[in-house]
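The following pair of complexes shares a single chain, chain A, combined with chain B in the former and chain C in the latter.
Take a look at the complex of A and B:
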């Protein structure tokens, strides 16, 4: 609601927010004209839409707990491709299991670091994909993440250039995970990562999206991921966000599931000063099954916000969601889990759970599991808890000879492990387990 | 809604046999500072109360109608409402035979005692059950205990210092759009004061004041329990109420000092509109309790079955250490009714506890939303909350929604929220059928089981009537 009075008091902020979007768009270059006219039209439409929208403030219900004003203070320029990225540092994060691998540095595709695949399944850039099947891309690109009302998605689409495209043809099972690595190296720049994965009928894919940083400075990552999962296809999606502690990370990720499709996602947020993930799961047919897990592991003055939206539009859908937050220091975790069961989506079976662990007196959680049900023959449940480590559990471990600190660390680790353990890539799981220990562990006194 | 449609609703003759006499003492339509001065003058109010009203009005002018609730209704024209009219004398009916048979049938189904039926229907009450004498007896017993229970206008006249001390301390004038409107124009309501250490000798209910006062459009209730006092207050009744006012914006404020306890029960069965969703009352209420003292307790129990739109969140501000807030609710919607209701538990003090049990039942084409906030402030060490929200859907055209907001800023707090949505299972009905129980009765038993946790919180006779009321409201929506 924008009241007359509200307008007055917020005049400064509004103009600031307004100019913010305009200054982002001012950097809009005449993108190299691609081979496809539809792509140019799409970018133009998104640019036009972005110009018409304003960025959200805490007065918008969807952004009530996430104050983006630190982001609006300075509009960063779009990052240019870096001259020579630190190859060794990036290679450290290569997953040994991975088959195809695409590396984007500051939003630009790095051919020398990537291992694209051109065979049966395609793992590569937009340019290559356009040469293969332009019509198919047109049917999917910007069709899953709607930029009509979302200024960040609109700006991302307007700047759409180096998009990671993964295409698995019907019936094909991709054995090795595909890794998409987005590396930030430049301070005070903005990057627009974009992912499109198309998993065709009966195909299977494991996709790992990994965001990391080689700088400690502030920068802005504005990403969009679109996943199209066809009939009876299966996608395992792991998303790890480990930006610098000063960075801003805002991303939308939407999976569209056709009849009997399966989607299992684990999203882990560790970095960024302010991070926001809009995670959408759209059901486009009967009998879909999705697993949506989230883990936020934050400390200091970090804010991690996850807004998920599971849209049950057809009968016999099943969804399971477990979202966990471990909040240390003066961190602030936000979770809004919306589950909509539309009219006619009978026999939907949906369960959602939000579990939050506060490690200090200054940590802070806002959680809102939200059920909207318009069908009567459904099974829906949600639960939310916020609490600290159970003193009795700590006492039990101490009675077994563990120190106070060791007992607390063990329990914190166990809390986070429930999500980490479900990640299907062993090396990533190991790395994350180490992260949980490093990020949340109190040190032994005097040691 | 166009202003003419609203006009028609307002000017509708009092249904079901009641006649409103035309009287001259009505303020012209519209809301301005002059209207408020007129109300204040008519009621011979002191200067400070007029200031209170004007301040609220100035706040209101700067506010806009909230748009966040999950309810849809046409825009209300606030300039098309008359904000003051002197109490309307109702035409007394000679006997129960003159009462609308539909209303009588409802009374019978609810099992309302005969003398109460008469009081509610506006029938002149006979000698034995003379409500005036009943009221007098009650008033005497209350006075002996030191309890003040009167209308808010009387309280302003007789106990201005108490009203001034507490009015607007829980719901400030600028709290929200409808609370500001109420603060500016309220004309009637109840005031209740229980002095230190007194346990109110009886349940304070609206039953024995029903024929002296009609429930007002902008009602204001203020209940204060001093140290160690206890009171149980009942509002509304199970009998259907037909009212000419479409918009109801009431404010209820409760204040509990050290070790005091207030139990506030509501049964609301206002006109819900017809089967196609035409007409019906808009019930936009602000209810809030302040647990000001240590170890104080405020408990809300509500059974919401009427009104076209119900929009209310009885809340507890748990300020005192060790204070307790409770909320028990059954909200039933049928046909085209909409309900967006729930509670707010604001934990401020240490070791504060709250409990929320909410049961929503939707049938027909109705929409039923639970919206609740549990907020634990940074100083509320050891705060504890448990929330449970269950929804039941009857038919495939209705909706049940849950919007729980949980905000925790203290690591020693434990907050739990659980919600489920279900329907009456075929196998449950089959089990009943195999025991020789017909579907209609089986459904009523299942629903009674569903709401039992809340109904046990109601005073005995209310609970019995409320059970029957649910059955009555759901008639024809099952099977």
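Take a look at the complex of A and C:
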């Protein structure tokens, strides 16, 4: 009897999951025929793949702690471009440091709000990029993120239309950060943000991906980011997810590093009811160096899940990873940090640290370092801590006159600051510092 | 005894306290007047540090009997931060590291919080910078400490100097320095002691909790108390410290044990 009930449940979950994906795909519009046949073939292949896949449930090992059934309850339609987005509210989020800026509202490119660039470096839409160099795009688009086994990446690729493209030619340094702003304004709609950045040999770029919301409602953002970093090139990548507290945000971000390439990433998750970031770093040559920092700052009933995968496939690679979670209320943070050191990746130097701060007794974290080391001459260290604020620290600050709340605020801020301080854009750092204090001490939603 | 203004700042009467249900302080009586320097000595486990923490309001320590008056008011009615604002300072034996917060912002936050509570003017970052640099000079501290995280990566001596700096900034009525001399080499001790001596004031009292007589070569106390088994077993002037240096604690402890037995019998 028990088994039967169990099987029914599983069958029920599968059906729900299958139906969900089908309903997303049913909304598949006839996309305008692009100028490139290869792009149409890519979309068609992704669509076919999406039709063959089912979305994950907690029975999948990779989604054990992240239950997407609240997402599957509603099949959101793809958002139409909003008639008149709140320009002032969006401009408020513009980073003053930024040079090139692309704004996408509900997944649609906004020419009025964007500052594209077409000189040494290209910062613009897919359409423009196709006119410049279709073959280069073909060589990179959907070549870094694998949609074969990932239904969300497959659906994103099937719907690929407005894509942010940043291209930096060899040896050029883009002095000012490029900001990509993805704004959600409509309730119960889905958007498919897509980013492709190509940093050529010896070039340098700072890229800020910023996801934000002008609505408090539920919606779904399903994003894919691909970053190609050529030989001896350098990319600083900041990703800030500040969706509405009711939103669902699922994204894959993959960086491919050629020989001697450098990649420094800070990914911050603040918003969304359920968020999942699949962060992949693939080493495609010797001597790469990557810094993969994460910060989840959640409260209420939020769930923030980061699955990272650093793939060391060549010798002399170095990776540093610091992932921090600050969990308030009944929030739930998940971190799975996979590091693979392949057989040929001798003299890899890798260190991973997962540190978690629980601000209440109901806050929860699941953290799992996952090291697979197949080479024999490597240096790999990892560690994880989960704890509350140290009462000795609180007392120390109180003994200097700070109230208990002020002491806890300062210590919480200090915990998060280690990641925030590494963000190379001052205005974003300042904004996040304020958020750390505000978010961790705001009243719980509905509480 | 030197002549002081004699106002009682801290009055401890019959204080008993427990940690995790274990009684550590078994009846302490201590009167500290303005202008005085008291040294509390004693072997490990005698309750010296517990006394310091109970007075500062450490939440792990519970006072179970007796009372403490701070400038005539019930000290235990005050939260730790209120005690600090009222003018009680504890220099920590093991100062806490606070990564991510610069010493400058921490010191200014503490200073302004206490100033506001005392109805005095707060300082903006520039004004505070001048103010704190002057204090740091007294302690022979490198201003580079301002930009470093609070106590993070500081040596033992640097942490203790940072404690005395906080005392100098917060200008307490009663400063309790818990083993501020432990782990210091002679040069550092001289600097720290010099800083403490500059804080001596007819209106302020200083209580030195120390394991070593050495500190008292640099800071001359008015009273020396010896603690053992959670009680003050002997009080004298600075000559008592010298006696302890030459004879050790055993002669006092034996007396204490004998007294304990006598009571038990």
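The rule is simple: the second predicted complex is superposed on the first by the 434 of 447 C-alpha atoms of A that agree within 3 Å, B and C clash if a C-alpha of one lies under 4 Å from a C-alpha of the other, contacts with A are read in each partner's own complex, and residues count from 1 in each chain.
The rule is short, and it goes like this: a contact is a pair of C-beta atoms (placed from the backbone, for glycine too) under 8 Å apart; a residue touches a chain by one contact, two chains touch by 3 or more.
Just so it is clear, the model here is predicted, and its values are computed rather than measured.
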Clash-or-fit label for the pair chain B, chain C on chain A: fit
Partner chain in contact with A:386 - chain B first, chain C second, else both or neither: first
Which of chain B and chain C A:399 touches, first, second, both or neither: second
Chain B versus chain C as contact partner of A:417, first or second or both or neither: second
Which superposed partner A:365 touches (first chain B, second chain C, both, neither): first
First (chain B), second (chain C), both or neither touched by A:61: first
Contacts of A:378 with chain B and chain C, given as first, second, both or neither: first
When both partners are placed on the shared chain, which of chain B and chain C touches more of chain A: B
Contacts of A:118 with chain B and chain C, given as first, second, both or neither: neither
Partner chain in contact with A:86 - chain B first, chain C second, else both or neither: neither
Three-chain overlay, vertex chain A: chain B-chain C angle, C-alpha, nearest 10 degrees: 70
After superposition on chain A, the shortest CA separation from chain B to chain C (Å): 13
Overlapping contact positions on chain A, where the chain C interface meets the chain B interface: none
Touching residues on chain C, where the partner in the complex is chain A: 56-60, 79-81, 83-85, 89-90, 92, 95-96, 98-101, 106, 109-110, 113-114, 117, 149, 166, 170
Contact set on chain B toward chain A in their complex: 62-64, 66-68, 376, 378, 391, 393-423
Partner chain C, residues of chain A touching it in the complex: 390-393, 395-404, 406-407, 410-411, 413-418, 421
Residue ranges of chain A in contact with chain B within the complex: 1, 3-5, 61, 65, 343-344, 346, 356, 358-388
